[in-house]
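Two complexes follow with chain A in common, the first pairing it with chain B and the second with chain C.
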Partner chain A sequence: MNQHIDPGSLRADDGIERGGMLLHVDNISLSFGGVKAISDISFDVKKGEIRAIIGPNGAGKTSMLNVINGFYHPQEGTITFRGEKRRRMRPHHAASQGIARTFQNIALFKGMSTLDNIMTGRMTLMRSNILSQAMWFGPAQKEELAHRETVEKIIDFLEIEHIRKTPVGRLPYGLQKRVELGRALAADPALLLLDEPMAGMNLEEKEDMSRFVLDVNQQFGTTIALIEHDMGVVMDLSDRVVVLDYGRKIGDGTPDEVRNNQDVIDAYLGVSHD
Partner chain B sequence: MSPAANGGHGVSPDFLNFIETVLNGLMTGVMYSLVALGFVLIFKASGIFNFAQGVMALFAALTLVGLQTGQVPFAHLINAMLGTDVHHWGPGLPTILAILLTMVVMIILAFIIEKVVLKHLVNQEPIILFMATIGLAYFLEGFGDLMWGADVKALDVGLPTGGSFWWEDVTRGWAPEGADYFGMYIDTLDVSAAIIAIILVIALTIFSQYTATGRALRAVADDHQAALSVGISLRGIWVIVWSISGFVALVAGIMWGAKSGVQFSLSLIALKALPVLILGGFTSIPGAIVGGLIIGVGEKLAEAYVGPLVGGAVENWFAYMVALAFLLFRPQGLYGEKIIERI
Partner chain C sequence: MPSTGSNAGRKPVTFPQYLLLNASRFADRTATRHKDLGIWQSWTWKQQFEEIRAFSIGLQEIGVGEGDKIAIVGTNRPRLYWTFCAVQALKAIPVPVYADAVAEEMAYVLNHAGVRLAVVQDQEQVDKILSFSDEIPALKDVIYDEPRGLRDYDHTHLREFASVQELGREAMAADSGRAKAWEDAINASDGEEVSVFLYTSGTTGRSKGVVLKAKTSVKAACDTAEFDHLTENDNVLAYLPLAWAGDHYLNYAQGYVSALCMACPESPETVAHDLREIGPTFYFAPPRVFEQLLTNVMIRMEDASVIKKKIFHHYLAVANKWGEAILEGRSVPFGARLSYWLGNILVYGPLKNTLGFSNIRTAYTAGEAIGPDLFSFFRALGINLKQLYGQTEAFLYVTAQKDGEIHADTVGKAVPDVEIRISDDGEVLFKSPGMFVEYYADEEKTKETFTEDGFIKTGDAGIFDSRGDLKIIDRAKDVGKLRDGSLFAPKYIENKLKFFPNIKEVVAFGDGRDFCSVFLNIDLAAVGNWAERNNISYASYQELAGLPQVYEMMREHVDQVNRDLAGEELMAGSQIARFLVLHKELDADDGELTRTQKVRRGFIGDRYAPLIEALYDGSSEKYVDTEVTFEDGRKGSISATVKIMDMKTNPPTGATKEAAE
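After this line comes the complex of A and B, so read on.
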């Protein structure tokens, strides 16, 4: 099964062992005007694990992902990714460093076909310049075909062959989510950020998606950080969980540890102040 | 071939005149489409209505003529400051070389526009970006004047000009025997322009459909945030888009310049592109083409058939009337995206 996609084949190896530190966020604080979205959050993601970020609505989960992939620039704190320390970064740099993501409210290119959407995921791995592309010149053509081959493997893997040529705007929600995962996978990501991959899905679609997430993690060794609301899914999938509430971190550990953490229980079930 | 010798096919001259009007309208329409195309490219990729598109065509044409005839750029400025009298540095460059160099100038211009203007206006309101392009239009007009002078220049890139005798001969035989009909007039330059425009559109389509950069352009046009997340650099794309519309402007500039001379009124064709865009939709390339053709044909027909009733000059306002009607009944244009707003 491993010949499906060859992760890291094009991206330089970072020399981090499985289980070593891939991402480390330190004392991140982010505010919009006077509103604090995240205050002083630190956690890490180890290579090869599935790391879940959970918390009630408005806890700052999506903001955290946006900080990691460069959409938001935190006022304080640093991010260390593959040994490189930084505070602010542009999204396309984050992408070329190997951070791929999906969005809570699907952000696909609606007018483009499934195939084209997933091909855009290869963008950071393309080397030929615009002039040789315009001339449909030898190397550019060869490169396009090589990338196409990888993309076809991803399409096989996600079982979406039948919609290869369909404009994604016409697809049902569950399939769009799958195409979006495919686009992120196409980047050969070192770190895959999934923002509520199962939101709005029915049970069957959720099971499919869970299977894909696990397969990606186990077959290709891809490190995944995901936000999810379905606690069953989180507990089944993830190796470690970080819990946020009102922009602060209130818990961090294995699913079992987190489940028994009093602060987490309070945040989810509410606590009486008497 | 005289009508008598041919025997005639019996098509009424009135109908032949109608066809002639339509044909000429289509040719004019192609020119409008060319200008509108530049607008659509930039609007799709960045949501900017580039008021400077017409001036870019003018600037490209000025540069081309300047290089072709060997003018010294900024001659007036140099002469005024240094008291010299320079005007030409030589016999000029061959046409092909001059066109290539002009293209390089347009790409450099795209870089500068991105660096100096757009970069600082990311995430601003569309109206602010629009104002910036108005400023750009005036700056570029003045800069073109300073660089190449304000006189009307003839542009000759070696395309055939004048009426086609062949077509006149062929069509003369279509009228009935003895009819007072002398064949259709069609400008060969218009025909070349139409052919070049068709090639340009096909090339642009192939580029955007089958290359990685083309895919990136479509991606950015579709969803900015998603495009960023897959590693597309918006600023890089903007430079490419402005370069491509610079290229389209160059083609438009060559055609208009060859037809009516390179003069500063060329920048006003931007205003003629507006009704075309309202008709075709701001985000649709086929819309720009079809819109241009409809306006071109409509204008000529209105001039020929409505003109005599109202004393002529219909051509000047017809396009805007059509646009107004469209705004009332189909504001998104023929091919534009439907505007559905959640309330």
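After this line comes the complex of A and C, so read on.
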């Protein structure tokens, strides 16, 4: 038997209780030249919850995600993740700190199989050096076996056994989205960012995806922040919702509170200017 | 056979007794395999015995006893198969239910059987049962196999499979005599208890619970296992619906009496791949599966390079000419043998390997008529494909083809210990060792099914041919007459059309009418591929089905069938005068097909009444609006204007020219 390595234990526990503050975004402002994408936004994400970010097109939702995972650097404000304050960081730092994400437009390696794609999600957790990995020798071999086991669990979890060896470029859109979720999960994230996970899906695919999102949250206790346009999905899935419009925050609270917020209704349904 | 104890030398009469026997005689042979997390896991008979014992005693701990009905719902998974035996060991009765049944259907069966406990696969099934649990007062507990998503459910009446096994193990640890008592109870059985309730798929109306006795089930399984020389060296892949009599018989019943190794696929979607990895020696599939395989092979060959295509078609011709003769051991010229041998290296071998058919010793097909070309194709490749005729009420086999006596158009002779006769009005009647006791809680139906002298009416019309083989024509009640008095056997016509790869499903009408007409369902894979190849664009099934080019293709097929029918004395009158291509696929979720994918004629007749009317009132198109049920039970509707095409019928060419089969 190989010595058992539990890849999940490679990352130190952050000691934050369920319901405690995982991420705190304070007075963030981001502009590109003269265009203000986000102005003075603050909100938080509690550990173990599903937090939705909604808003009309161009409201700054994706920019917000990009700020959280370090792709954009805000001109003002701070982000506190797991009690650690930071202002500038690179995406790979975010990844190694435990933030994983999926993309609005699928960003998988099209020529690689489902299995290999999900395996790449575990890259940041691999410890052996490139030489021993190339030789597939000793610790590298053990490590890969352990990672493979985790990946197989994710494949089982997402019910994609039948496409394990299929190049993802050949898969239908709904399945590619699922593989992308698998890859994000493989990083064993403390915070999972989903950018429009249901976009372009049919009803059945949406329902499947919703179930997976809920299951991920329940089973692994993963905190999830998601952007979504489908109001039904958002209201059903999320514990709390933050609403953006023109880069400003106009609402924050439980789905019910948000639904009855006049500003939110105006932003979505339009308001007459007289 | 048990070598010691009170049952020394006695042949087992129940499946749990076979479990004990196999656990001692084949302790270290593999009984069950299951692919999990991408790796084949296996259990020996000894391990399987321990798993079943723990679960069975666990069930006892939560109050399951003799005569209790236990529902089993899910796909082919080892734990669900173990449940059968664990339940039978307590003389309780397993009631398998189709996993894809919608909540309403499932509620009916569970209620009708008076189920006390349900063992289900996963969250989906738990949700389904919880949705109607108020309507089933008898149902006390639900046990699930896969815990995913169920963590936060209320667990007062919900248990995990492993936790029940844990209960059993604790009980055994607490009381050293417990395991022995459990075994003794199994050994004490005389096999007179009910073994299982198998609900029929409900081709006509509500499904009925077929009650089977342990002793007779074992006898039936032993007979056919011997007929096909099944041994502990055989292996099978269990991929058919768990609740279907065929699966229960072929994998569970035959599996236990012959101690073969059963493999469960990783998921229903991976069956093709798992089949290739397992390479079963015994294989069963309904004709539509073989049809699908052939279609897929041909479609993929279309995309191959010119040289490969040439080699493929050349050796296919060789196989068609000599393959069956070689398979049956008839004398074949040396040159042909050499050519076939080469073909085997270049084409048949690799092809069989890809399909997972390399090790097949015996393969069966049943349930529907199989096209002669299709049947010969697989036999020519060297696969010993045979036909059987069976019924849930018989505990499967009524007839089966013996090696060497294989014909595409018959289903063979009666299997050992089965008696068959044809009633005066053409219906097939039989008496068999495995035959059922009654329909559960339905005395009237039971009475209707048995004849005075204890034969069972199959409801199928059949004849014996000159070789003494049985030939099934149609459902007895479906055979009718056109207004001019000529015979109308809808299935006969439907099957002729379904043998075309482009046609997936057909419904024929004509009884009491002026002429015969049909609904066609195109095969999306085959026609879609054809469309792609011919640069014909389409956005949906509905649009594809309505294309003029597709209609033209269907017209050619119908014309071919008409010419065939014209050549058959009895059938010449029922040539197809008009047809239409349906705008939606017939689907079991909408009640149009049974769960075993058979057409429900009466239901379709009512549902599409306007279309049928249009077939007979001479109109050239008709607008319809049809309600559809989505997989989650929600309803929607699709509407379309369906075109109707007239056909030319041919004068009977008489018996001088036999049908071109």
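In the analysis below, the second predicted complex is superposed on the first by the 266 of 274 C-alpha atoms of A that agree within 3 Å, B and C clash if a C-alpha of one lies under 4 Å from a C-alpha of the other, contacts with A are read in each partner's own complex, and residues count from 1 in each chain.
Throughout what follows, a residue touches a chain if its C-beta (ideal position, glycine included) is under 8 Å from a C-beta of that chain, and two chains touch if they have at least 3 such contacts.
Small disclaimer: the values here were computed from a predicted structure and weren't measured.
J.: Using the superposition on chain A, decide if chain B and chain C clash or fit.
T.: fit
J.: Output check: A:162 vs chain B and chain C. Expected answer is one of first, second, both, neither. What do you get?
T.: second
J.: Considering only the touch criterion stated at the top, classify A:81 as touching first (chain B), second (chain C), both, or neither.
T.: neither
J.: Looking at A:149 after the superposition, I want to know if it touches chain B, chain C, both of them or none. Which is it: first, second, both, neither?
T.: second
J.: Once chain A of both complexes is superposed, is A:109 in touch with chain B (first), chain C (second), both, or neither?
T.: first
J.: State whether A:220 touches chain B only (first), chain C only (second), both chains, or neither.
T.: neither
J.: Look at A:43 in the shared chain and tell me whether it touches chain B only, chain C only, both, or neither; answer first, second, both or neither.
T.: Neither partner.
J.: Once the two complexes are aligned on chain A, which partner has more residues of chain A within touching range, chain B or chain C?
T.: After superposition, B is the partner touching more of chain A.
J.: Output check: A:101 vs chain B and chain C. Expected answer is one of first, second, both, neither. What do you get?
T.: After superposition on chain A, A:101 lies in contact with chain B alone.
J.: Would you please give the vertex angle at the Cα centre of chain A, with arms pointing to the Cα centres of chain B and chain C, as a multiple of 10°?
T.: Result: 90 degrees, to the nearest ten.
J.: Who does A:72 touch here: chain B (first), chain C (second), both, or neither?
T.: Touch status of A:72: no partner.
J.: Minimum Cα separation, chain B versus chain C, post-superposition (Å)?
T.: Comparing every C-alpha of chain B with every C-alpha of chain C, the smallest gap is 18 Å.
J.: In the complex of these two chains, what residues of chain A are touching chain C?
T.: 149, 152-153, 155-157, 159, 161-162, 164, 203-204, 207, 211, 214-215, 218-219
J.: Quick check on the complex: what are the chain A residues that touch chain B?
T.: Touching chain B: residues 69, 71, 90-92, 94-96, 100-101, 103, 107-112, 116, 119-124, 126, 128, 130, 133-134, 136, 140, 144, 183, 187 of chain A.
J.: Could you pull out which chain C residues touch chain A in their complex?
T.: For chain C paired with chain A, touching residues are 36-39, 148-149, 151-152, 266-267, 269-270, 273, 630-632.
J.: Under the definition above, what is the set of chain B residues touching chain A in their complex?
T.: So the residues of chain B in touch with chain A come to 207, 210-216, 218-219, 222-223, 225-234, 240.
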